[in-house]
Structures are given as C-alpha cells and as structure tokens.
Amino acid sequence: MTAPTVERELLPFLEAAVSETPVEEIETFPAVNTSAEQAVKRLVIINWSGELDRMWPTLIMSTAAAASGYRTSVFITFWGLLPFVKDQKRIVGETWMQRMLSLMQRPGISHLKLSKMNFAGMGPWMIGKLSKQYNVAQPPELLEAAQAMGVEFIPCQMTMEMFGLKREDMIDGLGEPAGAATVLELMTEPNTASLFI
Amino acid sequence: MTAPTVERELLPFLEAAVSETPVEEIETFPAVNTSAEQAVKRLVIINWSGELDRMWPTLIMSTAAAASGYRTSVFITFWGLLPFVKDQKRIVGETWMQRMLSLMQRPGISHLKLSKMNFAGMGPWMIGKLSKQYNVAQPPELLEAAQAMGVEFIPCQMTMEMFGLKREDMIDGLGEPAGAATVLELMTEPNTASLFI
Amino acid sequence: MTAPTVERELLPFLEAAVSETPVEEIETFPAVNTSAEQAVKRLVIINWSGELDRMWPTLIMSTAAAASGYRTSVFITFWGLLPFVKDQKRIVGETWMQRMLSLMQRPGISHLKLSKMNFAGMGPWMIGKLSKQYNVAQPPELLEAAQAMGVEFIPCQMTMEMFGLKREDMIDGLGEPAGAATVLELMTEPNTASLFI
C-alpha cells in the first residue's frame, strides 16, 4: 500500500496545504496502518455550499486527509453539487425553471463566488490574487489533486434530480449518485471525523 | 423492537429521502443491533440556521438516520429554533425588541427563506416547485415524519430565553430545553456522528 | 487534577452557558476520568466563519466542553481568524490588498457582525442588548473564559499568510500556527466530536 506514482508527483504541490507534515511521515504512514484494519482513519465531508470560500476548506481538508492516508469521501449536495458540473456548461437542467436556476447560480469549479464581500466579483478576484501570491492552491487544481489522490466524490441523487442534472453534465470521475443513508453509514464508521461545510 | 405501525406507514413517504436503502434492510436492522449494545449508531445535529436550504439537510439526515435505526437528536438553537415555533404565531417574545426580531424573521416551519437567491421569495418558490415536482419531501412533512419516527428535537434553553419564547409558543413534541453540556455528552457517545448545520 | 482557582472563579460566570450541569458534577468529573486514559473526551471546532452569531456557538461550546473536562481545540481559519486579531488593530496586512480586505471586514472580537439581519449594525446591537439582558455571556468575555479554562486556539498558518497577519497582530495566548493535517489528527482521536462552524 505504498503511495502510487501519481500521488508522489502531487505531493510537492500539496505541501502548501499540508505544510506542517514532513513528506517522510506521509510516506511511512500506511505501513504503520496495515497492521490493524480498524486503525484506518476516515474523513467524511458533506459539501453542501457551493461558495468559493467554503469549497476551499472542503478541498484542502480532503486532499490533506488523502495525503495522510485517510479514506476520504465527499458527499456533494444542494448548492455544493454545482461546482462539480462541467466548467464549460453554461445552462443546465431540463425544465425552464432548472435552466433559470443554473443561469442565476453559474455552475462549474471556475465560477465560484464568495459567501460575503462578493462586491460584484471584486472579492473573489482579490482573494484569488492573494491566495495565488501566497501559494494557496486554487479550487480547480485542488479538485484535480483530490481526484488523483483517491478522494471519493459522491453526488447526491436527490439534488441531481431536483436540478435536472445528468451524469454527462457532471465532471468525470465522480462516484455513484447516492443518498442520505449511504453518507450516514460512512459517517459512523470507526475513527471517522465528519464535517458539514 | 420491530418498527411501530406509524413508521411503517411513513416508510414509503421516506423512500425519496433514503432511496438507496431497501425497505427490508431497514426492518431487519434493529434485530442485528440488540446483540451488542455499543453497536447502536447515533446522529447528533446542531441545527443552528433557520433557513429553508439548511433545514432540508437537517430534516432529511435526521429522518434517514431514524429510518435506519439510529438514535437521532437534533439540538435546535439560535436562528434554528425559529422554525420550531408554531406556524400560526406571527409575533413572539415578551419585550418590544424580541417582538420586533420575530417580525423581521418570521418564525414557523412554513415560512422559511433560502440562505441566498431569495429574490423576494421567488427563490424559495422555485425551489419549492422543483422539489415537489421531483418528489422531495417538504419541510413541514419531513418535520412531522421525523417526530413520528422518534427523532428527538431538543430546544436550546438560552436561545428560548433570549428570544422570549415559551413552551406554548413552540410546536408540540419537543424535548426538554437543554444547553451545550447536554449536547456535548450526546456528541461524544460511541458510534456517533455529529454535524453543525 | 482538581480545577485550578481561576476555573473555579469562572464557573459561576459560565453557569449561563452550561446551566443544566450542576457545579458538583463538573468538579468530580475529572476524578472518574483519570482511571482510563482513553475515556478523555475531546471537542474539535473548525472556526471558519467570523460572524457574531457563529462565534457564539464556537465560544459557548468550547467553554462548556472545557468546563466539563474535555480537551478542547479550536482551529481558527479563514474569516474565523479575524476575530482573533487584537481589538485595537484597525488595518492589518502587508500589501495594499490585504490592508483593504481588513478595512472591509474589521477584525477583532469586539467588531463582529451578524450573518444576516445586520441592518447597518442594528441587528448586532439588538442581539447584543437581548443577550446581555438574558445573561448570555458576550464574545469578548467568553473568549477570555475559554482561554483561561485551557481551550487551545490554533491559528491556520495558510490564512495568516494570505491575510498578511503576523503573530504580534494576534491576541496573546494562541497556539502554534498549524495546517489541515494537524486538525485532522485531532479530529480522529478516540471519543472526539468535531464541528465545522
């Protein structure tokens, strides 16, 4: 259970996110773990909000967890499903109402807004500038890293139906759509931390 | 410990919420559980926000948990207490300030607003339409289901005092008002997942 | 491991927060605990939001937890770092952009805004009045109490860099700046509840 090549390549990139963990520690961690099955740690995030400032903790926590050898699942639901629509999609949905909703709340990981101080886009621009300047990884890169490192993104079936989203509207690599009972199972596994973000 | 009649009747209604769990599984779950006391799973939700889009996850997660045999407690606090005021109450509180607050933030489960895209009520109307069209249960029905299935709703004593709310202002069937220490006890029981929504 | 004098003096003040726990119970709790090391309960809060109405649950839950003998850690990150800047600081940061951000979102525990119903400051004023009238402890007092009772506040290193904040900009008594991996370790300890607020 050594880290596959793709993860090793991503590690320097993730050092900003998990800067206080020395790389050697990450690499030796799984070896310690295999002895006792129940020692595997898990992180479950319910990613409910689709805002830039909340996508950050979701993506940083989940990539950091995967980098530390945790089994990591992110349930993407309600507004939090929209950033996982393909970036180039402008209007999605089947009914006029669904299409209008997607028009008001543009989907895709590159079109995120702040939960406050949005100031017609100036807030996200400033936060984006600052975060780049200080080497904080951006949401599209973090999402790519998370997927490469094995973070499981589970779309909420009910939300997909309500927003009229089909599998082909969503980015590649997502898990099977599921519901609340599946997430509850995951959240109550031993050594599991769960967060609603 | 078989499911009482009322739950059995509610199960079809809840299938939208827990659609991926076959009904047979739900019915046999408690039998497996009784052998080992510590295997009982629990869900604790701190329901802090009173908004439509956040009441949904609270109610869907808690009914899904109760349907799967979890002991489920929802601590209703701050803005999240207001949806549990009786629907017909328009203005509540003892002082003019409390009454004015309730006027600005109308209490009751049928008067919820979205956390964003409210658009003078059009957002909730559209989301309400869409959710009904796609068979997502509505907050008043979900609340009724949750209570019938044994989800325990615990009002925050401090919030009740601050908003000047009395027991008779609140809907029937709530638990005893309690505080942070009680919730902490619940959250740190074995096999417990907790969420702040 | 009896409660030190400072805690004993703070206990009456905290009775509002943990009103349902009799004082005797708190004082005898640690004695029960010392027998089994793994019985120590823990609370981890990720304090992401810097708003008045969300700082309250963070501070009330963490002081209540510390009063009940829990090991309590609060990771202060993103907007949630700003209330931990010294109150007298008006503009912080190194670049013009960071300084402008701090101007738009005034830092310090005495300058908190509500997440909604802000009404140009009238909302916080009314909530402040009401909470004082009903003996709910205020954020500055709660923060002081939390620190005195041993709640560990851990600043997010990445956020400090992004907002251009130095150690001397922050209030005294904070822990070492850390990152996501540290918090994940804490969150997955046995008997730990974690919340994202």
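As written, the chains take the letters A, B and C, and residue 1 is the first residue of each chain.
We take it that a residue touches a chain if its C-beta (ideal position, glycine included) is under 8 Å from a C-beta of that chain, and two chains touch if they have at least 3 such contacts.
Note that the structure is predicted; figures quoted are calculated from it, not measured.
J.: Would you kindly state whether over half or under half of the residue numbers at the chain A/chain C interface are used by both copies, giving same or different?
T.: Counting which numbers both chains contribute, under half are shared, so the two copies meet through different residues.
J.: Roughly how big is the turn, in degrees to the nearest 5, that lines up chain B with chain C by CA atoms?
T.: Angle of the fitting rotation, chain B to chain C: 120 degrees.
J.: At what distance in angstrom does the C-alpha mean of chain C lie from that of chain A?
T.: Going by mean C-alpha positions, chain A sits 26 Å from chain C.
J.: Taking each residue of chain A in turn, which ones touch at least two of the other chains?
T.: 192, 194-196
J.: Where on chain C is chain A touching in the complex?
T.: 44, 46, 48, 77-79, 95, 97-98, 100-101, 104-105, 157-158, 161-163, 178-184, 187-188, 190, 192, 194-196
J.: In their shared complex, at which residues does chain C touch chain B?
T.: Going through chain C, the ones touching chain B are 16-21, 41-43, 53-54, 56-57, 60-61, 64-65, 67-68, 70, 116-117, 126-127, 129-131, 133-134, 136, 191-197.
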